[in-house]
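The data blocks that follow each hold one structure.
The same subunit A turns up in both complexes below, where it pairs with subunit B and then with subunit C.
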Partner chain A sequence: MRSVAVILVLVSCSAAAASAQQVAFAASVGAELDSATQAVVARELVRARERGIPVEPLLAKAREGRLKRAPGERIRFAIVALAARLDSARGALGSSSTLSELVGGADAIAAGADVAALRALRAATTGSVAAPVGTLAQLCASGVAPKRAVEMIVALLKRNATPTQLISLGNQVETDVASGLLPEESASVRLRGVEASLGSGDRVQATSAPIFNDGRPRTTPQKPTRRP
Partner chain B sequence: MTDHLDDTLQRVVDALRPLPDVDDAAKARVLVAVAAERHRDREALPKRVTSSPRRWVVRAVGLAAAAVVAAVLLRAPSTSKEPTPDVAAASPSASAPNARLATADADKGIALQSVQLVLRAPAASQVRVVGDFNAWDGNRSSMSRDPESGLWTATLALRPGRHVYAFIVDDSIWMRDPRAPAAADADFGRPGSVLLVGRP
Partner chain C sequence: MGDRGRHRKSQPGVPSVHVIVRRSLRGLLLALAMGRPLGAQGMVVDAGVSVVRFPDDSSTIAGPSIRLAATGVRGRFFGAASAGAVATFGATSGFASLLGGMASRAIGGWSTDVTGELATVAGSSRAGGVGTAILSARALWNGLASGWWLRANGSSSARAGATLPGGGVDAGAFWGWPNGRLSLSVTQEWTRAQLFTGRFRSGFAGTTPVRYTEAELTLHLEGDRTSLDISSSARRDVDAARIIDPAITAVAAFWAGETRAVVLSVAHQLPDWVHGADAADAVSVGLRLKQPTPLHTRTMRLIPVVLVSDSDSGRVLRVRASGAATVEVMGDFTEWEAVALTRSGAVFERAIPLGSGSHRLVVRINGGSWRPAANTPAVDDDFGGRAGLLVVP
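Then we have the complex of A and B:
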């Protein structure tokens, strides 16, 4: 019984401390914002907390805007838009989603994915979708069509690809595209690379169209092998 | 004779007292190792808990009660629908939790990686690095000047993935990393730099 009392006191203190820290952080962010922006930030924080959305990303966005000396209007717009994306991500990924999952989901929506894409990723795995939604955001931002990106990630999740492999895929495609490759061809080639590291098994359907080194899809039929 | 010994002893103590120099890369390796150790500890925790059913009950009751207390505490300020600019105008006193680092440990199989950022800014008297990894809080990532090269450097433990960052020189100049690709900024129109962690 004494243990319960001790835990209660400790958690009460930590919850109060966390709340105080949050308020202090909000204060530090708001100190250099104009009054209209402060009001919007405060309102969005209250709304977010009521809806179970994490407030840390909103505060970070306000801080980013302040550091970049953005006009108050742009900061207000960015915060409201981010809150909406986080809300959509939470609706698609579920109320028990972690901060990483929601931030990744919001990033994916900003990059062009829709809530159906997030739901597809949530349904494809019982584990954390932080890496899958982060990869989705990265692939979409790199120019891969959202539908294609979801197909790739779902297929890899079904083959038990690790978060590290998914993250590497996103990083590779972004690097390829930055160096001049087309998004789709990079995605196909890099997907095959991940598949190869996953070992034997059914190939993902999305990779069935092979690509030559020059990036053109194979159009000529393969010569049939001669039987003995 | 005693004085002579005391002097010798004092010289030995003086010689041993200064701590050896530790470079930033070594510090980062230690940080990453500690993070990994904590991650392993957390994974091992359920095994210890299951060995004592009584602890389970105590902790479950404690957590349930804690949830009620936390809900009450966190809900209290949200009862007001009006904005609270007075709160936002208070003086800064604490920093935010690092969202990405705080959650990185929760993602199984993802270990933090040590990354060193370098900037040449010989005229600067202070350089900070800001980015999504520190919630854009420059107070938490000061860079240090390498005494030999004069380069500003910071070593961070980051989770794999894509990060956006920039440097703040002398508390006033926003500066992209000239050696990293630019990150478009749809919100504020001021690009940062892209850092990809976890490339094979």
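Then we have the complex of A and C:
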């Protein structure tokens, strides 16, 4: 019970803007964690606040681990790892990054991207990078090489692709990969599809790679088929 | 040629054909009669009792049997292994088969695959066994719900001191629907058979060519915890005792648990000249272990797709899972609590407060296991599982 109170105090005192909902959430998380895990959560919350990292993702991760009945040691490891990813994302995306941008950045890092990739996306647009980093996370998780994924996203940002168009790229590639296509091939094909929806204009350099083994360019994405 | 062939099975005193020692075939027969587990991943065990009559030898045998079968797919490679045995007083027999192959990537529904199979049967009534190697290549057009194929095969079988070559072609088509599958095929086979005098293959007298054409119709029907497989065929062999000979196999399975089923089968089978199986009539009762229910198998085949749209009441999460009875989602936006979606036509949906940005979620269909959707790339959830990444604009 003492640790619960510690978490409550930490959250409510160190975060002036902490909402009542957040406090209640923190209480519910702490109530069912063992003392060692509560101590780690409390420590990571303090560190996060000190570094300007939002605590909501850390609390959510603790709750996820508890609801999935993960061992305390695993929850502690997950909290520390997520805090490190959020910290790296904040360093790459900037201190004024929003919660959704940092969470997306942390997901991208978890999927295999590095901070240089996040910096490249940050530099590519003055607007929100929540959708670009989210798409980067999706593409990397689907198996597209981070460098290639960044090239494609940056190319689309330069052509004023909307967040919806960016995100659809990630969704379509994953669907293709699940159907048996290679990630790089699918990404190239789907990129051309997004390009087509952006209208006429110079084709971005990122799409110059061969699409299929026959090397013939195709203007429309091929329908994925199930492998036997 | 025609007279010689007709005599080879039925007329006493004239060399008759026996492809393999009868006892060594029982295991293989049981495997065929009890049916290959369709679409199974992992290992399946069949244990049962069979009554088998071999008309060419005018013999009948009853005994316990067991069979193990394992199948798997890894990328473009696939494989299957099976082995079985039957034991009776004073006699045992068994079989083993190892099959593997590689499929090409599908382009526009077209694909090809190459399969190799090594099969053997052995029995206590015969010194040595029978070994057969088969290599086949297939072109397949798969339209998901239907398709067709064209295949060619070559085989070599070592029996009784002789090596018998063979070859064949077959073409077929299939149609599938959520609870069933129908296929029709036509096969032309050329191979050789052995000539023996006397009962139980005494007096080896040489080999003779065998050529036949066979049409086969197979039907698979399944409920949530039951399945029925029927295979019927008609073979035209001008050298056989009956030029047109029918065959049928029916296998019914009733699941008594999530991975246990009672299997009943009846079969009237023609000789398998390629593998070396005798003609036989069989009735089998068995228990099949480690095979999931048809409902579970169908559920795992479903490919859920997550969609997010805006409505007057906020964001709506939709899951497209054709054929599903229930769909639940769980994610950071539900505080990792399972939330049931409501069926709305072909999709399941629910209005959920879903902010812009990255989210993690998993989907559960028909009460099965939690898994990422097809269009949400999976990442490690830090707790030993996988979660799908959903990005909302």
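As a working rule, the second predicted complex is superposed on the first by the 189 of 228 C-alpha atoms of A that agree within 3 Å, B and C clash if a C-alpha of one lies under 4 Å from a C-alpha of the other, contacts with A are read in each partner's own complex, and residues count from 1 in each chain.
Quick note on the criterion: a residue touches a chain if its C-beta (ideal position, glycine included) is under 8 Å from a C-beta of that chain, and two chains touch if they have at least 3 such contacts.
Keep in mind that what you see is a predicted model, and the values were worked out from it rather than measured.
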(request) Answer with clash or fit: subunit B and subunit C placed together on subunit A by superposition. (result) clash
(message) Tell me the contact category for A:G180 with respect to subunit B and subunit C: first, second, both or neither.
(response) second
(message) So in the superposed three-chain picture, is A:L59 touching just subunit B, just subunit C, both, or none of them (first/second/both/neither)?
(response) first
(request) Return first, second, both or neither, reflecting whether A:A39 touches subunit B, subunit C, both chains, or no partner chain. (result) first
(request) For A:A70, decide between first (touching subunit B), second (touching subunit C), both and neither. (result) both
(message) Looking at A:I167, would you say it contacts subunit B, subunit C, both, or neither? Reply first, second, both or neither.
(response) both
(request) Report the partner of subunit A that touches more of its residues: subunit B or subunit C. (result) B
(request) Look at A:A196 in the shared chain and tell me whether it touches subunit B only, subunit C only, both, or neither; answer first, second, both or neither. (result) neither
(message) After the superposition on A, what does A:A116 contact: first (subunit B), second (subunit C), both or neither?
(response) neither
(request) Under the contact definition given at the top, report the residues of subunit A touching subunit B in one complex and subunit C in the other. (result) 25, 60-61, 63-65, 67-68, 70, 74-75, 77-78, 81, 99-100, 103, 110, 130-131, 134, 138, 162-164, 167, 170-172, 174-175, 178
(message) List the residues on subunit B that touch subunit A in their complex, please.
(response) 58-59, 61-63, 65-66, 69-70, 73-74, 77-78, 80-81, 83-85, 87-97, 99-100, 102-104, 106-110, 130, 132, 135-138, 160-162, 168, 174, 181, 185-190, 194, 196-200
(message) Under the stated contact criterion, what part of subunit A meets subunit B in this complex?
(response) 3-4, 7-8, 11-12, 15-16, 19-31, 33, 35, 38-43, 46, 49-50, 54, 56-57, 59-61, 63-65, 67-70, 74-75, 77-78, 81, 98-100, 103, 110, 127-128, 130-131, 134, 138, 162-164, 167-168, 170-172, 174-175, 178
(request) Using the touch rule from the top, collect the residues of subunit A that touch subunit C in their complex. (result) 25, 60-61, 63-65, 67-68, 70, 74-75, 77-78, 81-82, 99-101, 103-104, 107, 110-111, 130-131, 133-135, 137-142, 162-164, 167, 170-172, 174-175, 177-178, 180-181, 212, 222, 225-228
(message) Using the touch definition from the top, list the residues of subunit C that touch subunit A in their complex.
(response) 76, 103, 105-109, 111, 113, 140, 142, 144, 303, 305, 332, 335-337, 355-358, 360, 374-385, 389, 391-393
